[in-house]
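Before any comments, here is the structure.
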Amino acid sequence: MKMLRIETPGVAHYAYVITDGAEAMVVDPRRDVEEYLNAARSLGARIRCVVETHRQEDFVMGSARLARESGASIVNGDHELFGHGDVRLPDGARFQLGGLTVRALHTPGHTPESMSYAVHTDDSGPAWAVLTGDAVFFGTTGRTDLADAERAGENAALLYDSVHDKLAPLADTALVLPAHGPGSVCGSGMADRPYSTLGEERRYNEVFTLDRGEFARRKGAERLPRPPYFRHMERVNLGGGLEPVLRPGSVPLLDVSTFATGCGDKLVYDSREPEGFAGGHLASSYSIWLGGMPVFGGWIGDEHSPIYLVTDRDADVDTAALHLSRIGIDNVQGALAGGFGAWRKSGRAIETSGVITPRELHEQREAFQVLDVRDADEFASGHIPGAVHTYVGHLPERGAELPLVRRRPVAVTCSVGHRAGLGVSLLLRAGFDDVRNVLGGMTAWQALDLPVER
Amino acid sequence: MKMLRIETPGVAHYAYVITDGAEAMVVDPRRDVEEYLNAARSLGARIRCVVETHRQEDFVMGSARLARESGASIVNGDHELFGHGDVRLPDGARFQLGGLTVRALHTPGHTPESMSYAVHTDDSGPAWAVLTGDAVFFGTTGRTDLADAERAGENAALLYDSVHDKLAPLADTALVLPAHGPGSVCGSGMADRPYSTLGEERRYNEVFTLDRGEFARRKGAERLPRPPYFRHMERVNLGGGLEPVLRPGSVPLLDVSTFATGCGDKLVYDSREPEGFAGGHLASSYSIWLGGMPVFGGWIGDEHSPIYLVTDRDADVDTAALHLSRIGIDNVQGALAGGFGAWRKSGRAIETSGVITPRELHEQREAFQVLDVRDADEFASGHIPGAVHTYVGHLPERGAELPLVRRRPVAVTCSVGHRAGLGVSLLLRAGFDDVRNVLGGMTAWQALDLPVER
Amino acid sequence: MKMLRIETPGVAHYAYVITDGAEAMVVDPRRDVEEYLNAARSLGARIRCVVETHRQEDFVMGSARLARESGASIVNGDHELFGHGDVRLPDGARFQLGGLTVRALHTPGHTPESMSYAVHTDDSGPAWAVLTGDAVFFGTTGRTDLADAERAGENAALLYDSVHDKLAPLADTALVLPAHGPGSVCGSGMADRPYSTLGEERRYNEVFTLDRGEFARRKGAERLPRPPYFRHMERVNLGGGLEPVLRPGSVPLLDVSTFATGCGDKLVYDSREPEGFAGGHLASSYSIWLGGMPVFGGWIGDEHSPIYLVTDRDADVDTAALHLSRIGIDNVQGALAGGFGAWRKSGRAIETSGVITPRELHEQREAFQVLDVRDADEFASGHIPGAVHTYVGHLPERGAELPLVRRRPVAVTCSVGHRAGLGVSLLLRAGFDDVRNVLGGMTAWQALDLPVER
Amino acid sequence: MKMLRIETPGVAHYAYVITDGAEAMVVDPRRDVEEYLNAARSLGARIRCVVETHRQEDFVMGSARLARESGASIVNGDHELFGHGDVRLPDGARFQLGGLTVRALHTPGHTPESMSYAVHTDDSGPAWAVLTGDAVFFGTTGRTDLADAERAGENAALLYDSVHDKLAPLADTALVLPAHGPGSVCGSGMADRPYSTLGEERRYNEVFTLDRGEFARRKGAERLPRPPYFRHMERVNLGGGLEPVLRPGSVPLLDVSTFATGCGDKLVYDSREPEGFAGGHLASSYSIWLGGMPVFGGWIGDEHSPIYLVTDRDADVDTAALHLSRIGIDNVQGALAGGFGAWRKSGRAIETSGVITPRELHEQREAFQVLDVRDADEFASGHIPGAVHTYVGHLPERGAELPLVRRRPVAVTCSVGHRAGLGVSLLLRAGFDDVRNVLGGMTAWQALDLPVER
């Protein structure tokens, strides 16, 4: 018996390949499925089932493609929201994976259709592990506001019951195998640990340490941004996800002139670090660092947007495009060959933007309007006194309502400077004159013990 | 029979692996010899000789190590300046490499000991190829000022004779296999082509198209910088080069605090692109872009200097250290783990520097002192009117003599912005207040048809 | 300007990527085009043209796919046999590739439509190189019997004229860049060298060293096998080749039981070395070593045959399938997971076959019938006295006519033992009782100075 | 917090890299430490401790080298048998790894110095995991006969107490992180599962399911071979292991003639599969399949033996040499370039050996002497009726005492055919006339339901 956990960076997603030595199941695969195929091959196993815990919202699933490529069946629950599937398991149903027994558990709350799967090494023994999808993460649960933000508390209570009725009875020694780790947009406050067990979770996970009412209240009060691409993900995942259109090397590298002609009024995503963007960038381009591409690329553009990429180096083009494709954004029409350096030496127009260190901002606090673009929970946990808040993803639509004056300097901050970089580029597009990225963000601010307001 | 040309980026160096199918020779290997060993292996051949055309000045040779690892003999000429070697060939001597015949030709001029090697597929036939070292490049020859800059013209005449007496008699169809391509500091004005023949060179190479006197005059008038690490290279190459001290992954990645403590008054090389450096950097660090490391790393530090690296990302650390090790700079004591981003979020002091576009500089020309840091030939071929000139490598020692005022803004330019970045960091260290990198340099300036002075 | 030669092993095919630094052409690409796309990318160039020298017969072209993926145009000649193409050049036409000039030369003889292309670095200068397709190889030319074996001599005369009229006038210094090297089935007797020039070829290539009549006679007398897959290649290449259906990892690895059920009366190709096959194999399987797959896989099966693979290890499956796909054989339905070792331990039936060393055969010559399965020219150049001859590819259809007795031992030989391995497996299928592979074949036989008949 | 388990194939060894996010410990590293360095780097962590559970016997440790390369301290127990170490922890001692607390537990029994280490995410909470070395494996414990085979039962009782006194009190939810998995020679009967917990082990591990007396009796009766290289491992591991002498590509590939001259009376290891060896091999060579190299290479040769390698292909040479180096066998003097195929075509002497299928053996049982070379426990669990037994590793010294007649056919069997291959080559060297490998071994025999004796 073998198990491999395969992580998708940027979206903090975990898929699992589990095999009894001959037959394998892949749980919650993403769209680019090569890594799972290779993993099964390296384990000497044949993929028999593609198992889904729920219809993912934050990435395009690879169930349909993986099933087609491997000849496997898609296995999920009998709730209609799954929308597809070869084997639709009701709560309590079992199936064999070679010598392993897998038991399906309906655990709604994160979403109505959510399933967990208990894996038993022998039919009569306790569960060896439980695949919890977004029901239980390490230290917390999945968010419960997706179906209807107004009913987040109610759904949290439902999730509480799912956990306590279906999962709690399993053995304390069962490994907990969730679909996400810290950094995912499907929850907040995940514990940073590599493996855990049900007994361990019982000790510190808020779904166990709080009572039902308190848990529902706390979850109901959570204010998490809902990325706009979630809707597209839900739609395509109804059918088992999308086939890939991307192949390494397939994004055209365009010379400066072709790029400049093409990108015109299209979206230009600049994947360099914030300092590089500050030191020079194309007018109207969006600063979205490489690691943030699979989230923020979907806040700015959507599946229909033609996108042009500016990178630090050509080798980043594939990474950026792959990140985008994982959230269904496939319309990348080209990247600047040679990276920003090629643009620089062409003599074409270059704009710069400002930076400011936390200490400088503190010393000149009066001279600046401060905009904090983290999410509401992060802002609530401590911010620069007097800072205005809006989540960076909401800036395009809500920016105009903010109490900020275009002709006065603005310092934009987030946790370390990446989201602030996107915020800076959005304010520049909105016509602000002097916009500065607070280098190092609140992490640096707090490392310097500068004053914080809560 | 097979031949592979193996390029060393940054120093534009070509080594060759040539085999008759069973026995191979490697010509002019660099210090990290794995690529040659693998090449011979992929060709199914055993390395019998490590052949040297001359004692290289611009990189550490790998002759001794490659010979040791492969059991091969080191073959070079009988001139004492080679300093080592198992087989010391006089002019005209031959040796067999399996079914191939190799003929040694003494072709001094670039350096006194320089050898060329004609390769014959059959003993009685014309040369199939000639390995020319730094004697003949595509379109030009090696520089002739290294032994004694005062006698560059005299050496050029000697080189002219070497070429005409020893190489010209070979077949027009002989492939010319030089040790360097465009971008090398061992010559200037190389033609940009992948392969050439002696007949082809006869048609357009200045050593053939000019007469002896004119050639000697032109070479004698060339003013090429002589990097300070050349002396160290010559010394270590006397003994066949150096063993490597570097292994991928062996440069310690230091957390911010350890890095900050350690780097103190040591050299900090920042390998990011100029815009990133402008947007934020450590005080007193040197801006040396990744591709420029194997040249400019040796203008700032030497083989004794403890060096600390700041990169864009951890994956660049090995590249930077490898580049430095190729010019004998092995004392890299650590790199900032997590790249500049880690420094940013620590709250530690960050400095910024300025940039300016060519058009802006043109429009505000009066407000700026302009410093051009390209080499003398590049400067002579066209520069911004009124620019002051010094080669970037000479800035540390000659900067103080420049007619530049510290309190007035300076715009620093080169060809595309990389060397100017180093120039900017040097002026900042020297106490200048406002230093700007002219983005895109003279390439952008000329693309915009802005006025040029010659 | 840069050039990369990209080799396809097994079919000894050379494609070229040539660029002036910004625009690239790819000449004669194979079906799996990723390597060309990556090469162009590494050279910082954009592919503008996919150039075809002729409609290849020995592999599936990638013109159509490469053009589609890169946005390039397909460029070839105006002869109708090309069957497709965006730009159809008449003899003598020129086109620009950035700063390079390319001149089209109609050079029929190998096939009626064959084109060569002279590449000039400047418009008025001599050719820097000439892409000769299958017109001129190193030391010889392409075969001239493909269109009509009866008219091979006539076509050879035509090819002779093409070479002397169109190519000979180019500069002696021009690099000759052919589409194949030694080992290709598109010619015989290629010289083993990595690079050559027109002047060099003039010295030793039979198309220059023989007179027209003698050349035509010699070529007319050549007896080269014509692989059956050539017809399929010609058909698909009429439209610019095929899209790939293969992706690394996509061949299903089947457990023993599934494999055994599936392979039934299908073709089973065993890619292990001859000794492994002799030591144990599946009944009725074909011994086709890995490197021989892209030729002999197409002698046994065709584009419609369902194929099952037995390998030494799983990592060979992709290689074998890729080799097959390059000759249009895409119907690989599965490979034995775990290689032959998995079959061995299942307890299923295993057959063995015999081997014999040359010395043993020599000593027991009387006891054996000897079958030599090399091609006619190889056989003519020297064989074991009394050996029967037929080309291995012709064994399935002509085997029954051979003067061999099924109940008497047969020793099968080729050059080193690979094709003999296939011959052994064919005779076993044909019901022979005792079949031995002469280990090391004629290479070993001759190394031992055993008697040879001519 | 992150954890990576790094497996060493062939010896079924698990090392662990555990980090709180900034500081890492590496537990029980092998000699070639690059993978650990890279792992720590990928986790963004600095290696602070190299932790040893005990002085390993079955592979060369990399503690000293890893400590030197990373600047880490070596941490182990205060028992004198460790022989070295920077920090020597007594039972119960704690240390901090950033935010993690590690508690040392002396758990003798497998060896006297054996330590376990409990890892706590917070100081006051239960153990999150326990590193058990060879004390506890999944389903069983380490063998207890190494120090003194006569006292195996006594040591088993000691180990029982260690487990019950020191480990049993830890939380049921603690992950069990052992140093070996199934296939290791440090124990027998490990359960095949990827992860387990203390509670899970409590349910089925024999150290928990048996009582003290029964456990001691069972372990005391185990008869496991003790590889001769264990002594060398223990000696070098006293000092923290060995520096590597191997670099990929550093084993000389020798042409046939050099190989033949060199190997003379030296050990020749043939790494091909048994069928390939049967089909042809060098006289007197040893058949040791690639995966068995890190065990059986050390039964035949020792750290002083000059070794020559014959492989299936050149790419296997590095793998074979790396496997050998991991058990301290560094004197690999060369490998046959081009694999066995090169030998085959040289015409040099080739020997063959026999194979037989289980069904054939069953049908001709009377004609064969049967030798079973598995270990005593495997033999006891079921063998071919009338088979003679000796462990393959003992054949060289005990072979002469076996009741086997040289002039009569012998069928050699093991579990699948690999060890039998080595057995075949040993009997051939001992002068047996007709030796056959039972293809598929007892696995195939039992799959066919052939009669078994117990």
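Per-chain residue numbering starts at 1, and chain names A, B, C and D are given in the order in which the chains are listed.
Definition applied: a residue touches a chain if its C-beta (ideal position, glycine included) is under 8 Å from a C-beta of that chain, and two chains touch if they have at least 3 such contacts.
Just so it is clear, the structure is predicted and the values come from calculations on it, not from any experiment.
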| item | value |
| --- | --- |
| Touching chain A and also chain B, the following chains | C, D |
| Equivalent interface to A-B, taken from A-D, C-D or A-C so that over half of the residue contact pairs match | C-D |
| Chain B and chain C: spacing of chain centres that average the CA atoms, whole Å | 42 |
| Chain C-chain D separation of Cα centroids, rounded to whole Å | 44 |
| Between chain D and chain B, distance of the C-alpha-averaged centres to the nearest whole Å | 49 |
| Interface hub residues of chain D, defined as touching at least two other chains | none |
| Of all residues in chain A, those that touch chain C in their complex | 22, 34, 37-38, 41, 44, 46, 69-71, 247-250, 252-255, 314, 337-338 |
| Touch list for chain D against partner chain C, complex | 272-281, 312, 339-341, 344-350, 352, 355, 357-359, 415-417, 439-441, 443-448 |
| List of chain C residues in touch with chain B within their complex | 1-3, 21, 121, 125-126, 128-129, 171-173, 175, 192-195, 197-200, 203-204 |
